[in-house]
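In structure tokens below, several structures.
First chain A sits with chain B, and in the next complex the same chain sits with chain C.
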Partner chain A sequence: MSKFQPLTFYDRNGGAGRGAGKPSYELMPFRFTELDPQRFVLSNQAGEYLVLPKKDLYDFAEHRLDATTEAYLDLRSHQFLIDAHTNVAKELLAIKVRTRYERVANFTGLHIFVVTLRCEHSCPYCQVSRQSEDSSAFDMTSEQADAAIDLALRSPSKAIKIEFQGGEPLLNFPLIRYIVAETKRKAQGSRELGFVIATNLAIVTDEVLEFCREEGVCISTSLDGPQDLHNKNRPRTGRDSYQRAISGIKRARDAIGKENVSALMTTTEASLGHVKEIIDEYLALDFKGIFLRPLSPYGFAIKTKSYRAYSVDRWLEFYKEGLDYVIELNRKGIAFREFYASMVLKKMLTFEDPGYVDLMSPAGVALGAIVYNYDGAVFASDEARMLAEMGDDKFRLGHVLENTYEEIFLNETLLEALEASFSYSVPMCTDCAFEPYCGADPVQHWGLQKDFVGRKTESEFCARNMAIFKHLIKLMESDAGIKRLFTTWAQ
Partner chain B sequence: MLKLRGRTVALRKSFQEPRLLIITYRADIPERLRANFAFLTDSELPSSEGFAAVLVRGAVSDAQLDASGATDVYRLGDEYHYLDEGDIVRLNPAQDTLGALFRVRSPNNTILLTEQCNHYCLMCSQPPRAVDDFWIMEEVLELIRLIPPGTPSLGFSGGEPTLYGDRFVRLVRHVKNHLPHTHVDILTNGRAFKDQGFADALGDVRHPSLLLGIPLYSDDPVRHDFVVQSSGAFDETVRGILNLRRANVGVELRIVIHRETLPRLVQTCRFIARNLLFVRHVALMGLEITGFTRANLDQLWIDPVEYRDTLSEAAAVLTDYGINTSIYNHQLCLVNPDVYPIYKKSISDWKNEFLDECESCERKADCGGFFSSSVQYRHSTNIRPMHKVLSA
Partner chain C sequence: MSTTLLSFDPQVYSTPALLKACYRFSDRFVFDVKSESSKIEVHVESRRHDISPEALHLAMQDFRTEVLDQNLREKVRAETESVRNLILAHAFSRTGLVNQ
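For the complex of A and B:
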């Protein structure tokens, strides 16, 4: 007889279908959602998922899954069950869950300074901007900026990013200069500081670019697609928004380096059906990816009916076509990413959180990003100030000159919204396999349904994200090449 | 293959107890220093008083021996041709044996700490023995004192070194004190570190360049336990790895690929990427046909050509997650080109060989070749000379 024992020797006392046939495994917390009529997605507490046939799920849940099946081995190694052979799953899950929520302790990292509401564009979908020469009415003052900087530096976060928004922030460039200098002076090297100007680049000057180069300021611009589409979406005097953006991107790249210039697109009704041309535009400009974004349902977007002009289904069609095209590009050897998918995939395939404000739970409002508006008002998020422009200042947390850091961040509405919307404990979300990938968006749900939690069955946020989660998982399950590609996007 | 341990013929013998000695060809070193040295010579025998031993390769006459003043003289066979200035040997007069413990020119110096082990792996290359051999530690501590401080790296293996308990931690501290600039690899099954206190004790040494090589053979606990022939091993090893992470001790995972680890190899790599992403390195290793592997060869052997796609897939999972990954102990003509970037020539110099058909291979210089044991007992039947690819 061999002095070595066979595999079956070590498999005694585990699972169902062994020995007396008494099932002997314990379920770990998990959630499941139907992927299609045959298959279910199961996710564990740390957000790892498995796709199983319905029958395996039922057998598993009813403690009768045979321990020798692949499904059993996969469930055990993904911490869905523990048995006589292993219980290290609890420790592994604890570490991963803790890592996933680590950012919460860092508190607010992104501080948005709306240095002016004025803009020389008049985009119909824009939520907030003003056509005005009157700087006193719509510009932030240096006194307000001082107070906002002090608030930003109260954040315990080691990395503080300051983003200048508008309007067109370059219309108040002197204040940008002032804020960068003052923040650096007050931080005295104690923080990792980052600065970004969100600008349409139409009025960018060499002086601005020189400043960006010297001070290490990045540029984020808007590019909605090819010339016709871009200029239609983004009208300005001279109808030359596109030309100015393109030339601005080139000049900015020359001045501060390619990696420090990024672009964002907004999907309008006119964009639908043109996703390939939009992606081609980004490719032609040598961007390494695109963020296929839906319109947010606020401000002028709602007033002008731009938002309602397309449904979730039409946007999803647009999104999926775009994603297919991006995958096809990669198959041809052209490395290019879709950034929304990348962020979701990071949640699905790693235990890190990408820190994307809309997909955070606890919600990203105030915890992820906070807005200091042109008039000194402090808002819980960019969406919150847009909601305020529509007359609902529910998420106005205070004022930089009137309220302390504690008053602003311990604002009752904020705390209530954060607690109520925590998706782990929200009705329907708590049972959803995709909860680990999703976020609480109390501002959007408040805006549309006057409720922090919202009715998920009527929530476009839920419908849109649920569809994307399922789509991404189906793609990975159907094609190993796509799973590899997506794994690299997740890093 | 180099023969590291073998027999000697005693020509003069005054001491009986084993000694660690440094090899030198220089007869003219000061007498005060000679007590730690073995003077190695071909046939000339100058005055060699004071040397702990004289090792001669050729023939010497009694007259020469008398004239030299040497008290302990041994004749070495041709198999010791590799011995070089500064090498450290263990001379055991009682048994007329000599072993090379440290070779200055070798990048693969590995020091065996014990033959005892709490695993009984199907493919163990160094089958464990249930003997009390903890005396080895004292000799190892002495060996460390003799090794030159410029040595780039040093390995320790067993058996299971952590069976020494606190003495293991003291060894690592000793190595740090004597060889502060030497990188140290230690092979262990990691189970002892399930005790956080033990992991912390090792972490407290603050060794500047320490890596523990720990085997993880499957994401399936039962399969891992089976491969190492020990129930409960998987959980203890995983806990150990987590505790070492907390103690800030570097860990490398080692997976030996054979018929019993192959069925879950890709899943195992995925498990590592999702749970143990912090490891410094993962080595995907071919089988060495020695020790227990020979006893279990039919159960374990699979021609690497049959699993080349699985190997590529497993490696891709790790590298896609940014994990530093290497493929060890494989022949270049048996792996897919996509893994060339992580392919390593890993087989220790003293047991590394090639086949006759490799002579015409244009990529032999890039290939890690075979274990001597593979050449002797079992290797792929699909070895083919390769052609140089002209780069575009």
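For the complex of A and C:
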């Protein structure tokens, strides 16, 4: 450990760490970004970060930093420098870098099957542009499903997760049943298979829940907050979306176990100012955390102007207030976490990558998730099919019945988007200390700026994530208790 | 007035560092960079025509600080480039992700 050195190390006349003249150390690759007017955040090649006063950073980079300072010892123990006392820094960094990028070799593990675009809700913020309930032209066929299963099983990933989305996927429940059975039959036990139905639970039946229990299928549902807010956000005939969701959550938990039922919220303009009530709703239902999600710029969210109803700054205010409240709950002994922060913290405080598609570089498109749409079209991500429903099929990679695995995954647009948006080498990102925690998101940048990379100075994605990264680090730097709490979230 | 002219010593500041600083401010200003042997001139024009002289002055102070930071980044990048490549090569040497 760096902080336990022999006395000779601190000998200013003869210690190897500092000679009579200029301190002798070699810089290792690092990036830095302003945290506030007094401090920089530095990150090394493996994504470990340190916070330093600006003067210390300049002294360090100019080889003037005193080897007996705490800053020097921190920099050395995190491989920002090497000196006569360290000889394994390069190897250590290489191992950490390799661990961080390990998932790239596993390729696509998440396969999204849009079994129908039909839905019985009419949410104004719907990002997938759902269709009315009775138009079966928007259902996937079993022939398309067969071909999609074959493609999914070509993935080299040992763990394959199949997520059923819609519209409301339970409106085409027979196909879900078919896909689960066929995937298991074709995989013949060679893969770790996981299945999730993303459903609003409004039409869930005992038959569906029994099937989920027997086949090990998890449920992910939508819960936007208390009754008034949820029903306002998620209108349906009968104005009972909330009642059905709550009842569905309870029945689903009874059938498949509490740990197999999760919920997601979406922030609308009506949610702003109510973050504590939203979190309280999740607490009352005994969920262990919440994912405070902004709207994405797709589908009806654009058409109905829901997306532009609040600015990045207003959403950040909402997010920070929510995070403060979650921290306060933990201080009172209530274990609860915010999941977006948890994913970012995993990247900041460990060498694992949680595999969240938006925060991946190389981009998560096709590498993190792939989408088989209701009509057999294959898209590079969930956002890519949302964009296509708006008339822009830039990220359509092919069709399950017309293209081979190679044609789909070696699609020129995909490769170009992956290469162009690799944040290690794009303007501003390449110098950003937060690059190891961030992602490329070429679909969102294409959607908003018609460019895979996007001008980062005008990027809402960049503004939102930079603000969150800085906020999390400031919280950890200001309070050792929060640092301890965040460390547990990162595990 | 919404325009200003800044001058930098090419012995001290690199052109890439200046261009990166310009890029970072490109949502608020339009830049024109001219490089000569004795100086690099940066012509700055605000995208907002109603910017006050005080606000422009403060923004230019921020810009000069950004140039300094970018210049330091260039220095660190140049000094660490070989070891950065070495670490990446070592990290991926046995993954099958790169050609041996």
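Here is the rule we use: the second predicted complex is superposed on the first by the 468 of 491 C-alpha atoms of A that agree within 3 Å, B and C clash if a C-alpha of one lies under 4 Å from a C-alpha of the other, contacts with A are read in each partner's own complex, and residues count from 1 in each chain.
In the analysis below, a residue touches a chain if its C-beta (ideal position, glycine included) is under 8 Å from a C-beta of that chain, and two chains touch if they have at least 3 such contacts.
From a predicted model like this one, the values you see are computed outputs, not experimental measurements.
Asker: Given the touch rule stated above, what does A:Ile95 touch, chain B (first), chain C (second), both, or neither?
Answerer: In the superposition, A:Ile95 contacts both chain B and chain C.
Asker: Does chain B (first) or chain C (second) touch A:Thr457, or do both, or does neither?
Answerer: second
Asker: Regarding the shared-chain residue A:Thr487, is it in contact with chain B (first), chain C (second), both, or neither?
Answerer: The answer is first: A:Thr487 touches chain B but not chain C.
Asker: Go through the superposed model and pick first if A:Phe351 touches only chain B, second if only chain C, both, or neither.
Answerer: So A:Phe351 only meets chain B here.
Asker: So, A:Ser122: does it touch chain B (first), chain C (second), both, or neither?
Answerer: The answer is neither, since A:Ser122 touches no partner chain.
Asker: So in the superposed three-chain picture, is A:Ala105 touching just chain B, just chain C, both, or none of them (first/second/both/neither)?
Answerer: second
Asker: First (chain B), second (chain C), both or neither: which does A:Asn87 touch?
Answerer: In the superposed model, A:Asn87 contacts chain B only, not chain C.
Asker: Who does A:Arg76 touch here: chain B (first), chain C (second), both, or neither?
Answerer: Only chain B; A:Arg76 stays clear of chain C.
Asker: Same chain A residues contacting chain B and chain C, which ones?
Answerer: 91, 95
Asker: Give every residue of chain A touching chain B within the complex, in rising order.
Answerer: 3-7, 9-11, 14, 48, 73-74, 76-78, 85-88, 91-92, 95-96, 350-351, 480, 484, 487-488, 491
Asker: Tell me, which parts of chain A touch chain C in their complex?
Answerer: Answer in residue numbers: 26-32, 34, 45, 57-58, 61, 90-91, 93-95, 97-98, 101, 104-105, 427-428, 431, 455, 457-458.
Asker: In the complex formed with chain A, which residues of chain C make contact?
Answerer: Where chain C meets chain A, its residues are 20, 23-27, 69-70, 72-73, 75-77, 79-81, 83-84, 86-88, 90-92, 95-97.
Asker: Under the touch definition given earlier, write down the residues of chain B that touch chain A in their complex.
Answerer: Interface residues on the chain B side: 120, 122, 219-223, 225-226, 229, 231, 234-235, 238-239, 242, 260, 264, 267, 271, 274-275, 277, 292, 296, 313, 316-317, 320-322.
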